[in-house]
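There are two complexes below, and they share chain A, which is joined by chain B in the first and by chain C in the second.
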Partner chain A sequence: MTAPLSAPREDKSGFTRDRAMWGAIMLAPYVLVFAVMVVYPVAYGLWLGLNWNSYKALFADPIFLRTVVNTIVFLFVAVNLKFLIALLLSGFFVQQRAWIRIVLVLFILPWAVPSIPTILSFRVMLNPENGMVNQQLFQWFGIMEGPGWLTDPTLAFMCSIFVHIWKSLPFWTLILITGRLAIAQDLYEAASVDGANRWQQFRFITWPSLATLYVTSTMLSMIWTLGDFNSVYLLTGGGPGDLNHVLATLGIRYMRNNNLDLGIASIIVAMPLILPMVFVMVKRLSKGADA
Partner chain B sequence: MKLVRHFAMGTAVAAVVAGWSGAAAAQETLTAWFTKGFYKGEDDALLAVVDKFQKATGVKVELSLYATEDCVTKSVGAVDAGTPPDVGFCTTYDFRTTGKWAYDGKLEDVSDVIEPMKAEFQPMALSTTFLMNGKAGKKSYYAFPVEQQMMHITYWKDMLEEAGFKEADIPKTWDGYWDFWCDKVQGSMRAKGKRIYGIGHPMGIAASDTFYSFLTFANAYNAKVVDENGKIVLDQPENKKAMVEAVKSYANIFQRGCTPPSSVNWLDPDNNVAFHNRTTVATHNATISIAGKHMDDMNNPSLTAEQRAQAKKNYEDNIRTAEFPLKADGSKMTNLAAVKTAVIFADAKNKKRAKEFMAFFMKDENLRPFVEGSAGRWVPTTLKGIEAPFWSDGKDPHRAVVYKQYKDGTVPFQFVYNYNFTTVNAENVWAKAVNRVVQDKVPAEQAVDEMIARIKQIAG
Partner chain C sequence: MKKVLDEGKLLLIAIPVLVWTLLPIYHLFVLSISNQESMLAGKLWPDQPTLQNFQIVFKQQHYYLHNFWLQMFNSFFIAVSTGLITLFVATFAAFAIARLKVKGGRTIMNLALATYLIPAAFLAIPMYKAMGSYGLLNTQASLILAMVALASPYAIWVLKQASDKLPKELDEAAVMDGATSIQLFRLVYLPLMKPSMVVIGIYALLLAWNEYLYAFLLLSSERAVPLAVGLGLFLSADDAPWNLLMAAGLLYAIPPAVIYYMFRKNMVGGLTSGAVKS
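Moving on to the complex of A and B:
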């Protein structure tokens, strides 16, 4: 029988106290930064958004409902199209060939370079009079009035979606490539031996393995897409005729018109869309951590 | 010993306090925020006034010059925070804030400065500073009419000739005028295989040029929007009918393809750029800044001799400034003028000196060099100023037209009578109505009904 290897009661409590104190000291900078950088701005924004008249004015603005519809369409089309393409491309880029790796490097470039100059260069290229695209149409085919890429509301909206996808597609393709690389190759070898074709391999091996990553990434992308200001604002300014605003650009438009309250309100109305996504995201990630 | 120490300490403290207050007395200051000029001449003239005022009064003027947009944004923030400068002059105050500030009681009543010099101003320009204070429940002078701008037509004379026309061929009637640029001039250029447009016609929602141009069209059809008490009268049948015609007329130029398609997304500089690039033969613009750019270039030592010579030729021969054509009913066009206002803030720390400074600044010998320093971009508000040789001698081809327009008389914007029209303009309900017609293909009557409903929501 040996005595238990424990410190005297007094020392243990002192040790615990010290640990707690050091823990608090180490945590303090983070708590402070979190309070200043996250809690205060969010709380202040919500406080500014408590003005009921702002919401009345917001809903009375004819452009607002159009903006909400635009935002939903933008989210639905851009996110789904982006992930569908990313899924297909990830299957291509996951192949271990030298030339494909070189192509992958080029493919990643749009994501790696800064947004503002690249999107503005699209704006210049798509200018109906002097832009490279319509100039070429004029020079090659004699088309005097090329398509109104940024002046026709439907085309301009499609261009905004295109630019958004072009910009963010490489990132999500990389994520899905990573997911594909984590799948054990012997599963494919066994399936091949059993006579499974490429589609069956995708359906019964790749997709079940990728599904969690795909859905989680999709939700994260939805949150980011909802806040994407650059693709719309830099390309069309929400135009033509204020017809192509999304919530992220409408808020800025109000603020530029010295209407801070409406700007805040237009951002806060997106909360019902964002909060459920954040909640589901956190829940999914918690499950992943528990597993 | 202790007593001596206390005495020494007390003496030192007293000396510091006395020095401090003495220094403070010697450094009475006045803060003034101005828009930085487009041209060096404006800033030089302003600095000269400041220098003279400092020497005359011993008051130090802390002058800050800001870019156009920064100036108003910074001012709005400072007024909201209760820490404005003493004097403010930003060239977009009139469009954005002066009326609202006056209504909210944020401006100092400057009647005691204005009254003695009332007779020196053009009556319309002066009337734009007689504003309603909602708190006091009365109108009074709450701003200084420093300078103003008007709408002009600018065209390339050499391009007109290239299209096979002379200046004498330009019609004077409203429809005939626009048809000429659309069909004849553009048509001729297209026949030569050139992708050139007849008119640079601002259509962008975010451009103040668009509402300035559109409201000129509304004037051409006599569409009255508010009365002098600020009451909306646009819904009266004759005004509504006139507004429908104005919307149709404005939209028609785009629908006929006479303006570059990108004009639906234009910001304020874009019609200037299209004109300088010779993408358009003509454009309408508030101020003669398009011609002014070439005048600036011809005196710019950093350009080559050839470039300066070309700029001189452009300014003197190739580019023309012109008046708008006759109204749709054949009468003379009224010139919509925007009067740029300086203010003294109600929360200013040194209102007494601010009034002294503005009274000094508004004197003809000080104001005139400042306005003329803008090389014709801004027009005087004073009767003496416009009669100065700079405007009236007829030697400058562009300023001579501005002088004539001024003499024809001007009318103010609606926001002078109802400050909520600053919001109406910021939201650009006018451009939205036009865009509803050209983009959504709704009838002009429906677009105007929507316009009236929205105006009533904002300003009713």
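Moving on to the complex of A and C:
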């Protein structure tokens, strides 16, 4: 037991060198993946995006302007509606009841299962002629011709917003539940002793504690919603008549039609929308990392 | 009395929430046991529930389903590979950053997280182009690599958080005993990190299993695509046999749902606590 006592001192510098070497070797696989799959493609994409002619062609495409408007409406409506519902539902789910825990387990299902069978299920269900929704409207209420859920442009657009919310609501509700559970319970006890009602408790305790999380999550959700291809493509394919594209589906459509430059351009035009959010997010995240 | 009223109010919320959540999943199930006729009648419950659709799917007896088992296997192969490779890449990186404190490690982790600030469909377009220049288009390697790139930043971040919680004294004691970095990794770090590694492996596996867009872009040959893309091919038909699609879709959706419920506590805990902290 005496020998090891003197050994470490000599090993110290050896270990530091060993540490630096293995640190670099072990970080290398990820750095390689990151460089090959993220850095190079993004840099290459930005470089391709310098082609002025693609923007001229893009703005000349009548579908494009409609798509920009759609994207903004989609983002604004879907994200705010989703977070409002998530905020309310998180208040429901934090109630301590055994049966509510079971409801929560079922509620998470849309998030756990793949998009393709479920969104296609929506698609069949909403079929105006023989979909379950309109058939049931006929059987229960005698409505001969139910709404053209996926054939009416406005309705179809609203349906893709709902499908998007259906899919992503569970995740954000869970986040807000966790946020609510982190609030000290004695604050609520003190408030109810002072006779504060539910609304006052929300207004003066819950909201101030959740606000930062709510805003950060909203921004992250906006970025992810912008990248949601499935809700629109699988439900309507951007139709009817290409009226319901968002930038995500339009970009991919250009690309699939061998028009990569237009695909890239249609992403880059979203930069003014993304960059401010990214800037705020990076600031917040780096603050969080230091704390 | 007040208690009953309270429960009633809660039920008033719970029922619409459950209908909203489960309706499309219920519909998926109903179609999968419907024959063509009751499917086209939009029945709430089929007249004569049948398992025939599953039989057709199992035996691949339809034009769209000729490669069902192969595509199911592809999904499995891609998901498991993504899980394993992500685990390998992320565990190494987290150890280097958290325990070896490699220079610039923190910066790389933060840059990695910036991957999530690029909308998925937007990143897919230049990634497709890059895959073309690497000569990897239409190979499953391209999809696996893409999925590893998407899963790793979060995986590294979660594993780093977990590593930070391990007591420093363990490392110090091991170093005193003359352990090298690699021994530290193998003998001290890996055994302690096992639970977090299971969660991360499953997270990456589910991510890849459920992915549609990247698979749809990067792979095209009918024999190479995972089941998600195989099912998407139904979209090109005007009068697709939706009941068959739904039967196949149900078979495709069950594994992730089961895995998810098996690991529910860890998954939800890990994912949400991570998100809340940032």
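We take it that the second predicted complex is superposed on the first by the 261 of 291 C-alpha atoms of A that agree within 3 Å, B and C clash if a C-alpha of one lies under 4 Å from a C-alpha of the other, contacts with A are read in each partner's own complex, and residues count from 1 in each chain.
Keep in mind that, in the parts below, a contact is a pair of C-beta atoms (placed from the backbone, for glycine too) under 8 Å apart; a residue touches a chain by one contact, two chains touch by 3 or more.
Because the structure is a prediction, the values reported are computed rather than measured.
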First (chain B), second (chain C), both or neither touched by A:187: neither
Larger contact residue set on chain A - chain B or chain C: C
Which of chain B and chain C A:237 touches, first, second, both or neither: both
First, second, both or neither for A:145, with chain B first and chain C second: first
Touching partner for A:130 - first (chain B), second (chain C), both, neither: both
Contacts of A:229 with chain B and chain C, given as first, second, both or neither: second
Contacts of A:215 with chain B and chain C, given as first, second, both or neither: neither
Chain B versus chain C as contact partner of A:205, first or second or both or neither: neither
First, second, both or neither for A:282, with chain B first and chain C second: second
First (chain B), second (chain C), both or neither touched by A:81: neither
Overlapping contact positions on chain A, where the chain C interface meets the chain B interface: 130, 237
Chain A-facing residues of chain B, complex: 76, 96-97, 190, 195, 197, 203-206, 257, 260-262, 264-265, 267, 274, 277, 279, 423, 426-427, 431-432, 435-436, 438-440, 450, 454, 457
Interface residues, chain A side, partner chain C - complex: 4, 7-8, 11, 15, 18-24, 26-27, 29-31, 33-34, 36-38, 40-42, 44-45, 48, 89, 92, 95, 97, 99-100, 103, 105-110, 112-118, 120-122, 124-125, 130-136, 166, 170-171, 174-175, 177-179, 182, 213, 216-217, 220, 223-224, 226-230, 234, 237, 247-249, 251-252, 255, 260, 263-264, 267, 270, 274, 277-278, 281-282, 284-286, 288-289
Residue ranges of chain A touching chain B (in the complex, touch as defined): 60-63, 127-130, 138, 144-145, 148, 150-151, 153, 236-243, 253, 256-259
Footprint of chain A on chain C - complex, ascending: 10, 13-14, 17-18, 20-25, 27-28, 30-31, 39-44, 88-90, 92-93, 95-97, 100-103, 105-106, 108, 110-130, 133-134, 145-146, 148-149, 152, 156, 175-178, 180-182, 185, 206, 209-210, 212-213, 217, 228, 231-232, 234-235, 242, 245-246, 249-250, 252-253, 256-257, 260-261, 264, 268, 271-273, 275-278
